[in-house]
Each structure stands twice: as structure tokens, then as C-alpha cells.
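Have a look at the structure below, then the notes.
Labels run A, B, C and D following the written order; every chain starts at residue 1.
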Amino acid sequence: MSAPASMAAAAAASGADGDALVEVRHVTLRFGGVTSLSDVSFSQRRGEILAVIGPNGAGKTSLFNCLTGVYTPQVGEVLFRPASGTALSVVGTKPYKVNRAGIARTFQTSRLFNALTTFENIKIGVESRFSVGPLGSMLHLPHTRRAERESDAKVVELLEFVGLTERANTIASSLPYGDRRRLEIARALGTRPELLLLDEPAAGTNPAEKASLVELIRKVNTVYGVSVLLIEHDMGLVMSLAERLIVLNFGQIIAAGTPREVQQNPAVIEAYLGAPESDEDGR
Amino acid sequence: MTTISGEAVNHPERMASRSPAPGEGRYRALVRLSRNDDVRRFVISVVGGLVLALITGPEGNGVQMLSGINGALLHPHVFICLAVTVGVWVLITVRHHFARQVEHVSGRVMALPKAVLPDRRVRAGLWLALFAFAIIYPPTLNSFWQNVLVEQIGIYVLLAIGLNVVVGYAGLLDLGYIAFFAIGAYSDAYWTGMLPVHPPLHLNPFWVFPLAILTAMLAGVLLGGPTLRLRGDYLAIVTLGFGEIIQIVANNLQGVTGGAQGVINIPHFSVHVAGIKYHWGLSNLPYYYLILGFIVLALLAYFSLEHSKVGRAWTAIREDEVAAEAAGINTLKYKVMAFAIGASTSGVAGVIVASQIGFVEPGDFTVQLSILILVLVIFGGMGSLAGAVVGAAVLQWLPQFLRVHPLFGYNQLDLYIYFGAILILMMIFRPEGLIPSRRRRREIVLAEHGVGSADAMESGHSGGGLAAVANPEADL
Amino acid sequence: MRPATKRLGLPAAAAVLALATFGGAATAATAHGVSAHAAKPTYTIAYEGPLSGGNAQLGLNMEYSVKLAIDQANAGKTFGALPFKLRFQAADDQGSSTQSPTTAQSLIDNKSVVAVVGPAFSGATKAAEPLYHAAHLATVSPSATAPALATQHWNNFFRVVADDNAQGPADAEFAAKVLKAKSVYTVDDASAYAVGLVGAFDTKAKQLHMKVIHQEAPGTTQCQAGTGNVQQYGALSTQIVSSKAPVVFYAGYYCDLALFAKGLYAAGFHGKIMSDDGSLDPHYVSQAGASVADGSYLSCPCTNLGNTPQDKAFATGFKKMAGFPIGTYSAESYDATNTIIATMKKIGAKVTRPALVAGLHKIIYNGLTKTVHFQKDGNIAGSTEYIYEVKGGKIVELGMASQLIAKA
Amino acid sequence: MCFTTNFWPFLVQGLADGFLYALIALGYTLVYGVLQLINFAHSEVFMSGGFASYFVLEALIGTSQPHGMASVGYVAIGIGAGAFGGALVAFLLERVAYRPLRRRNAPRLAFLISAIGGSYFIYNLAGKEFGRNALEIPAPFLNGPAFTLFGATIQTDYVVVAICAIAMLIIVDRVVAMTRLGKGIRAVAQDAETASLMGVNINRVISQTFVIGGLLGGAAGFLFGLNFGVAYTMGFTPALKAFTAAVLGGIGNIRGAVLGGLLLGVIENLSVTCIGANWRDVVAFGILVAVLLVRPTGILGERLGRSA
């Protein structure tokens, strides 16, 4: 089915033990004649911070979209919690169901609800976990009020966690860039994920913001026990955060392993130095 | 023909620009002139004045070619119309030149919504005052105005509140809204035993309300479920078709609906509970208070909804469907929910009308009525309950008032010319409506600056801005 | 001939009138049209029908007739000196059953209104009549033909036209006996009026052992401001030609019949086209073209105005007032109004709404179209059906249907 | 099978209707291609074309009955007048109801609402100015059975409609495929942003697209009015059908619009024998809903950029 080189890389990528949280098997995604992902396989352990790197247009965001149900790959499987009794096959599952199963994400260019406040943005994420129907809301049933109170408490907790308590009533569109990134992470955390996908969380932030973001992501991993899958260009950030790396180029995994291993991999060096970055941006 | 010459008389520069330019420099000067905002606005105001003259002018006919236009343009009131629009131009130009610095777009974003509705307490007070007025005032009216209050205003306020949920909250365009009104009316006729097909048991119209709500809701879910997966503009067309289909079906199925001749003798409401006996007869006030009750109920319910999980989900969907899905919101479910809630409100209105007039015919449920209700919502302010109430009340009262006191060439026939103009002008100059909702207003201003989308039109259930989302094969 | 007193009375009456108008506009409570100070009381006869919307022309045909009858009565031309003055009020219901109750309420509120000519349409009548009934306000419709209207026990409901149950069977008999057709293709435009009419036609035709094929072709945009499909007549015509039916009966209005007739002509139909009073309009011929319309039979429970001096006076008076010639239901509206005035004259100076209702039940008035005499249910007694034919681009009256059938 | 008895006549009838749908559908498809927007007011573009041709032919022909070459000339004049009227209204519509919104980057909902407003404004104003009754376009030729084919009577009118429609459809297809103008339209349809970066004047292309759609819609208004007269309400139903046709063939796709139009015309006419004349419109809307549910991209798929 696949080229031997990528087989080897795939084996390295999925060299995890039985405690896999997500398992990607032979995923191939095409748009018309263009292949965006080709036979991508890897897995991530529970509690792990894993980073996906690669030049622009390598298919990183496409991979995220396959992991969240936005895109349906033509070939392959994505299994969430493969070992447990509640295993979910992501392929063909609607994005909101994937989210409810425990995979939350942020976007490359942050997609907040700009007309709402910081508080409301997080609350939308938090309350998607509560079953509140229209009738309950219209009639102010006790159950609904309890859910409101609980979700409010959770929002306050998350505001504090990401350090946006002061900004609770600010309209999202008027937040500074770094705060928007934090808010997006808080909104995703509100949906109580086991796996958080962060698409270039540090893009466009200044060094101080970046440092505090690194801190935050690590806290997400340790305090909430959320596994993190990360796309990032900033090598310094990747090296300091990630336990393992996956390198994508032209839709294929060309290398995988610890940061140190990957840094010395000749294929990676060639991909970054040999091939200049293309204009096309991965979707 | 006349339009051009009329313009030329009032605008010599324009005339000159049509003749061959004698020199390059002069031609350029003219081009520059035509790009000047003030000049452009002046031309627009003159043309607008002529159009206004046409609208308010005499009625034409097909016997003599363009007689309406000739008649209208030779009429003295052309000058009045021109004076009005050019006057507006003068005002705008003056304001523009003196207040250019103040009028800065970014200032609009945060400042205005607060200025419009200052405080929660003030707003609650306004609502209470409106409510008290709505209770005390109608008994002082004569029965004609009471009837207007019931059949032309009350019902349409209720309908507008319902459509507001669909268009305003969820950002979906429903052009077949009146179909659910028809479903309510025919449910009433069915359960009271007035249709050729008989129900298992005959009910008092009061008991029809829950059934009609359920039926309309079900119809909303059945229609919305499949179509709401599609792009928003398809929904508009499908609902438009659905509205037509309902009318044709009601007309064609003579054995079921009574066909084109309609259903007569639908009973009025009555209460026989615990010794209380009351019968709604022909007088208007009891119906008015019944409708008022429903309006207040709907307002309270939808207000709560707007500020609940459901309302926030609608806002999220309107703004960014992809992000909403990523935040765990089942966008399809919430869209269908909005659709069904709107439908059920329309169904309630249908029951009230059927039981009040006692007669229903398929010809009552035209596309034009769906458009009318849309106009009411847009005029009042999408997503704003106060807007829906005030917009519907004002726009439905005005034609009746003008009917009694015709002003400035107003003719009942021309109503929809004005309504069409209202839609365009509102979209150009005040898309947030007469009494805007805060969230909506913010969204619209933000969308103008390229942030967010302010409606749910982008695409189907699984994604938003990306064209390829629904179907990876489609495009890269 | 005019006495001087009358001249003096005019300004006074005008003043009263102006007062009443003002009062009526301001508050209905003061709008008691009967002024104690005037020598003669003033009563209003109103007209309810479509004056805007897609059916405005039909409404105008009626409105001017009512106005004309009132003006003539006030001038003493038709009934001599009257013990009261009459005023006219038009009320627009757009022909819609949802607008009609509001319109009716505005007339009921005006206490000087003693009778209403209209409502013009059956649906509007069904919706408004309960209100009129409760107010004991007599309504005399010149055009609402739905049979159901007479079975609702509204004792204030009258009409000066025959209902669909009278027109349809007469047409069927004409087709069977005069045109000697063995089979007929009936088409209705899905309107309330046409469905009732065609039902009565079909029933009678089957009794006469004709083979009946029935199709419904929804009316179009062209007569009413609806959104029907004008292209449908092509396919329909093809079907009719292949059915080889010698007669097509169309129940509906002239605009659609014109399209339909053109479709039939183009599809090579050589039989006869028959239609009803909704099609009895010169526009049928002008829209279809004389070559297509020639030979069509049209029926109406109304007579073309003949050559009597009264007929001519009406036609010229109407044209002078309206600016266009009389049309469908003009003469009926004139008769309806005059019937009301005749009844009022019998009652005398003190006309009340209930008294007028009672009076109308007894009146016998010799009108232009027929002798008006109401049955107990409000229907006209002894209605007559007339048949017309399009000849050389003109609509020509052939005579009473019963006589033509008897001759054949 | 219910439609076997009169198959050929209904097929011919259906194709005649279908060509008209196709002409109108192109207006929807072209505008959709460049703006991803349903031009709700296209029905009024169609109506305006009908009235424009009515006024011109009324002045030229009056009550005379032309034949021979004069007939051909008058048909050409009628098409020209209709196309001009349609194009003018489409152009104005774009300037007044769309461009201000586009400049402001308004949400899509605003465009739809503005278009509906435009539609109601134009058609009610037409009703006011030109009267509420249908008007007959003076016949440039005498319509009637022209010849018989497989037992189907072919009317002169069908022949005229078919010839004119085919000619116009071919011209438009070639214009979009081969000319500079067409290249601009396709570029904007594919990616407006990139096109504008490459120096395409987007506003001008959009205006041109509206004008082309208006030319076709207006001409269709004339061809339609020839047979059915012109009335201020004439646009609604044919336009809704044409939209259905555009969706059926794949909106944004020129050849799809033609295929969809012809298919819809035939299906609709066959439904008259099979179900009954009064269900005809229900069948058409039913098809619309079914297509949107089963295959929203239509028979030939969406893209304007790829089609031609």
C-alpha cells in the first residue's frame, strides 16, 4: 500500500505503547487531483504533548481537520480512545460529536465569537456539556438554573486559569492578540477535552506573550491532564514543550521521534533547508 | 426618456459630460467631478426625487404607453419630491463637511449600542410602560381601530416575534413563514370539525393551540431538518417553494381542506372551566387581550431563550459555524430548533385568526404575506424583540392610518413599493434596524470590518467559511 | 324646474355633510349621520369590494355604479323627491378575506351607514358577514356567487346575482342541447368561484349523459395579483385536443381564458369554447385576439344592457363619471343600490338598519338587469341566465339561456 | 405509463418551456458564479425585458400584421429591446441594491433581503406605471401550428423560441469560454481575491456579469411575453422555475443551467398528464427540494470556472 520509507516513519510515529489516546491509521485525503495527506499514521499517548511540524502546505491543518471531523479522508481511520470501550471512529463523525467525545481545538487564525464577551465565549464551550433544552430555558426550570450556576462557576475557574478574569466582560473582538489565543484555549478547555489540538497557538505573539503561552500549555497538560497535539513553526517553543515530534512534508510523515532525534534526521534537514517554503498554506 | 432630461435640467455638469470633451483636461475634470462624493450624492438625490415622484404620482395604465410615468413627471408634485430629496442632500452635505471628524466608523462599534439602550432597569421600565399602555389604551378606541389592533397589528406582532427567532436569532432566511400560519389555521378548522375530513374528537379551539403548536413545529422540523443542512440561500428558496406548495395543496385537496372555497363557521373560543363560562364572540377586545397574552408569553419565553444556552448557541452559529461546531454545538439541531420555534409561533397566530374570523381560504396565505412579515422584522431590527414589536406595530398601523387619512399621494396599491424600498434602504443605511439588538449591532459593524459573518448563510452543518468543507472533492 | 328652496338647502346640506365627514374622521362616537338640525336626515350607502390589489378593475366597475345611483337619487332623477339625503362611502377590502373584517368594521362603526353594496367576493363575504349580521346591517352583493352564503342564516345577506348553482346547470344544458355536444372538457381556475361553478356544471352535464373530463388549471398572475403559471395552457390544450372533446367549458376569468384560448388555437383545437361571467369582458377578445376568440360562448346571469332609455342613460352616465365604459357587474351594482334606495324610500325618513333589512325582504324592484325580489335566504328569485357569443371581435348577446334551449 | 399517449407533444412543449427556463437560469448561474449569491430580483429583470419589448413593438407594429422578412426583423427588434431593458434593470439593480452592500462587506443575509426588496420595489412600481392588466405584445408573426413531427404539432412560436434561445446560449457559452470578458468572469468565479490581486477589476466584472444575465433574462422576457403577454407579476413563477433549473443542472455551471432548464420543462409538462395540471408547480418545487437534498451540486456540478 505505501512506500517503504513512509512505512518506517509510520512505525516510528506510532511507536507508542498500548495506552494510546488517539490513533491515526493510513489516512489519505485528496482534494480533486491534489493529495493533501498521504498514508499518514501515528498515535499519541494519553497525557503526552505531541507536536506536528513541517513547512507551509505540508498538510498540518488538514490533519487537524481530519482529526476533528471537519474533513472526511478518502482512506484510513482515526480512532479516539482505541483501547477503551467508548472508542470513537472520527472519520465521518460530525465535528460537534468529535468535540463532545473529548477532542477540542483552536484555529490557526483565532475564531472567536467576536460580538460576545470573554465570559460568554468561554460559557458557550462550557455549557455545550450541559443538557439544557429550550423549554427549560424558557420556563427557568430548577434544573436549568442549576446548570447555569455550575457552568458559571466553571467559566470563572477557567477565566482565572488562563488569566483573563479582568477581561471577563470585554468584547472578544477588542482583546489583544495574546489574550485572544488564551481565550480560545479557555473556550476549548471548557468543553472538557481529553485531547486539545492547538493550531499555531503562538503565531503572531510577542516573546513575552509566547513565554506565558508556553507556561499555559504546560499547565493545561499538568493541571487538567489534557493531552496536547500542537502545530507550531516556532522551533524553540516546540523543543521546550513537546515530548515527541512528527514531521510532515507534502502530506507524508518523513520523521518522528523525540526533538533531539528529529533535529538530526537528514530528511528533516533537507525538507527545511533543501525545499524553500511554498506559498500555499495548508487548509 | 423623461428621466434623463429631467436629470439634465437639474444637473448641468452631467449634461456636459455626455457631449464630446473638447480637451483632455476638461474631460478629466469632469471625471474627477463625477467621483466627488458630494456631486455623486447630488445626482443620487435628484434621481431619488424623480423615483419618489413616480411612486407617489398617479396610477398609470397599459392603454396609453407609459402614461403613468408621463403623468407623474408632469405633475407639480415632482418639484416637491425633488425639493425633499435635494433638501436631504443639503443636510447630509452640510453635516458631512462640518462633522467629518466626529463621524468615524470605529467609534460606532462600542459607543452606540450603549447610547441607544442605557440601562437594564430603564429597559424593563419601558417594557412595563408599553405593557400597561397596551392594556389600558385599546378600550378607548372605536371598534374599527380595535379590529385593526387585533387583525392587522396584534397578529402581525406575534408573527414578527416568531420570525425574529428564525431570522434574527439564528440568521436563517425563511420566506415560507406564512405556511405555518396556514397549518395553524387549518389545524383549527380540522380539530373543530369544520373540514370535510373529520377529527377523532371535536375540540374547543383553545385545545387546538397545543395541537397546532405541535403540528407546526413538526412541519418545521420536517422541512428544516433536511434543508437546513444546505447553504443559507438555498433555504430561502426552498421555504419560498414550500409556502407555494402549502397554498396549492390547500387549494387542490378539495376533499381534505375544502379547497378554494375555504372553510366557514370555525367556532370562536370559549371557556367552560370550573363554573366559569366565557364565550369569545364577535367583539374585538377579548381577542385583543388573548393575543396580548400570547405576545407577552412569547416575549418572556424568547427573552429567556435569547439569554440562555440556546440563545448563545444561535449567536455562535450566526457568527462562525465552524468555531461553533468545534465548541461542541450541534449547529443543525439549533437551526432546526429556531425554525420550529418560529413555526409554532406562526401556528398559534393561525389558530387565533381562524377562530376569530371563522373563515379560512387558501388565498389568504400568499408569499407576499411572508415577505410582509420579513419586512416587519427587518424594519424593527433583526434579533431584537423590542424591534419586532415596534416595527410590526408601526408598519401595520401606518397603512391603516393612511387609509383613513391619505397623505401625499398615498395609495393602498403602492404599499409594497414602499416596503421594497424599506428593505433596500434598511440594508444599505441601517441594517441593524430601528431598535437594534446589541449583539446584532456589534456583529454587523464587526462584519463590515471583516470579522465574523453575522448570519448563518455560509454553508451547511459541518462547516463555514471554507468552500470545500462539506465536500473535500469540490475544491482546494 | 329646480325650486329655489332646494338651492338654499344645498349649502346647508354641504355644511352638515362636511361636519359629518369631519366627525367621522375624528371619532366615530360623534358621527351620527342623522343630524337633528338638518331638515332631512343623511344616510350612507357604502360599497365594500376590491379597490386595490389584483382585482381592482372589477371593484371599480361596481364602485362607480353605486356612486352613480346615489348621485342620481339625490338629484331626484330616479326616485323623485326623497325624504332623506344619501351619501356614498367606498371601503377597500382588496378582495381578501383577511382584510374584509377590518373593512366591514369601519363601515359598521360609521353609524350613518344603513346598507352596504357588497362585499364583492365570496371569500370576503364569508369572513365579514358575521360582523354585518351582528350589526343588523344589510348587505346586497352584486357579485358574490358562492351557494354557501345563502345557507348561513344571515338574514341581512342579499344578492342580486344568481349563485353558481343556477349558472352552471344552465351552461351544461346549453352545451348539451344547443351545441349538441356528447362530451365536454371542463377546466376550472382553482378559484372558489370557479370550483363551485364547474361542480354544478359537471353534475348537470352527467345528468344529461355527457361525458365529462375535468381538469384544474390554477389561475395565473394576469387577472389577479397571484403567482400562477401562465405556461400551463400549452400542455393542457394538447391534452384537450387529443381527447377530441368538441366543447371546452372554462370556469374562471377572462385573462386566463384568453391565454387558454390562444393555447387551444395553437394546438389546433376546432371545437367550441364556453365560459362564464368571469370571462364576459371585452379584454377577453382583445387579449386573445379576435381570430382566436370568435365563436366562443360566454354566459352570465346578467344581461347586456339593451336599448331601453334607462339602459342607455345608465351607460352614458357611468362613462361620464368613471371615464371608462361599464364592465362586469356594473349594472348589477346599480340595481343593488337602487333596490336599497327604493326600500329606504318605502320606509320613509326614519331609516334604521333593522328596518332596512326587514324592508329588503319584502321589496320588489324593477331593475335594469332583472326584477329584484329576494327569497327568504337572500338569493334572488327567478334568476335568468343569458348567453353571449363572440362574433367578429365583439361580444353579442344571443338571449336568455332557457329560450335558446327551448328553441333547440 | 401515463405519459406515453401524448409523449411527443409534451416533449416538444417541455423543450419550448425549457429553453425559456434555460435563458433565465443563466442569469442566476452567472451571478451565482461570481458572487455566490442568488439574485432574487432576477425575476424582475425578466419582467422588465418583457415590458421593454412590449413598448417598442407596440410603437413599431401597432395593429398591423407583419409577415415574411418583416416578422424576422420584428422578432430581432423585440429580442434587442427585451435584452436592453433587462440589462438596464440588472445593471441598476447591481448598482443600487448590491454594490453599496458589497462595499460595506455586509453579511450575506443583507444581500438576499436587499434583493427581495429590489424585486418587490420593481414589480410593484411596474404594476403602478404600466397597469395591473396583462398587455399583449403585438404579434410579429401569426402563431399557429407550423408542422407536425412524430404526431406532435409544432407551433411557429416554439420554433422561434428554440432558434433564438439556442443562438443566445451558444453565444454566451463562447463568450464566457473565449473572450477577455469571459476570462475575467471565470477568474472572479474561481477566486475573487486572487483575481483582484492579478489586476482584474472585480466591480467591473460583476457589473458585466449582471448585464449579461440581464440581456438573456430580458430577451427571455420578450420570448415569454410573445405567447403569454406581459404583466407586472409575470416574473415570479418562471424565475422560480428557472432557479430550480439552475440548481438541477448545477448552479454556477452554464451548461448545467441549459440541461436543467430543458429537463425541468419536460418533466413539468409530462406531469400534467400524469398527475394533473394543478400539481404542476408542486412537481417543480418538489424537484427543487429533492435535488437539493440528494445532490446539492446538481447534475453537472457547481463551478462556473471549470464548466466552460
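Keep this in mind: contacts are C-beta pairs under 8 Å (C-beta built on N, C-alpha and C of every residue); 3 or more make two chains touch, one makes a residue touch a chain.
Just so it is clear, the model here is predicted, and its values are computed rather than measured.
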Notebook entry, point to check: What chains, if any, are shared contacts of chain C and chain D?
Noted result: B
Item checked: Between B-C and A-B, the pair joined by more C-beta contacts -> A-B
Checklist line | Far-end chain from chain B, centres as C-alpha averages | finding: A
Item checked: Centroid spacing, where centroids are CA-atom means, of chain A and chain B in whole angstrom -> 42
Next item on the list: Go ahead and note the Å separation of the Cα centroids belonging to chain A and chain C.
Entry: 75
Notebook entry, point to check: Using mean CA coordinates as chain centres, what's the chain B-chain C distance in Å?
Noted result: 36
Note to self: So the centre of each chain is just the mean of its C-alpha atoms; given that, what is the distance between chain B and chain D in Å?
What the structure shows: 28
Checklist line | Junction residues of chain B - those touching two or more other chains | finding: 244, 248, 251-252, 367, 413, 443, 474-475
Check: Among the residues of chain C, which ones contact at least 2 other chains?
Finding: 56, 190, 216, 218, 225-227
Notebook entry, point to check: What are all the chain pairs that meet the touch criterion?
Noted result: A-B, B-C, B-D, C-D
Check: Which residues of chain A touch chain B in their complex?
Finding: 29-32, 34, 36, 68-74, 94-97, 99-100, 104-105, 107, 111-116, 120, 123-125, 127-130, 132-134, 137-140, 144, 147-148, 171, 173-174, 187-188, 190-191, 283
Item checked: Complex interface listing, chain D residues touching chain C -> 5-6, 9-10, 13, 16-17, 20, 127, 132-134, 136, 139, 143-145, 153, 155, 157, 227-229, 231, 233-234, 236-238, 269, 272-273, 276-278, 280-281
Check: For chain C, which residues are in contact with chain D within the complex?
Finding: 54, 56-57, 187, 190, 215-218, 221-223, 225-232, 234-236, 238-239, 241-242, 255, 258-259, 262, 265-268, 283, 286-287, 289
Notebook entry, point to check: Which part of chain C faces chain B closely enough to touch in the complex?
Noted result: 25, 27-29, 51-53, 56, 92, 94, 96-98, 101-102, 105-106, 108-109, 122-123, 126-127, 130-131, 134, 146, 148, 152, 190-192, 194-196, 216, 218, 225-227
Check: Can you list the residues on chain B that touch chain C in the complex?
Finding: 142-144, 146-148, 151-152, 244, 248, 251-252, 254, 259-262, 264-265, 281-282, 284, 353, 356-361, 363-364, 366-368, 400, 403-405, 411-413
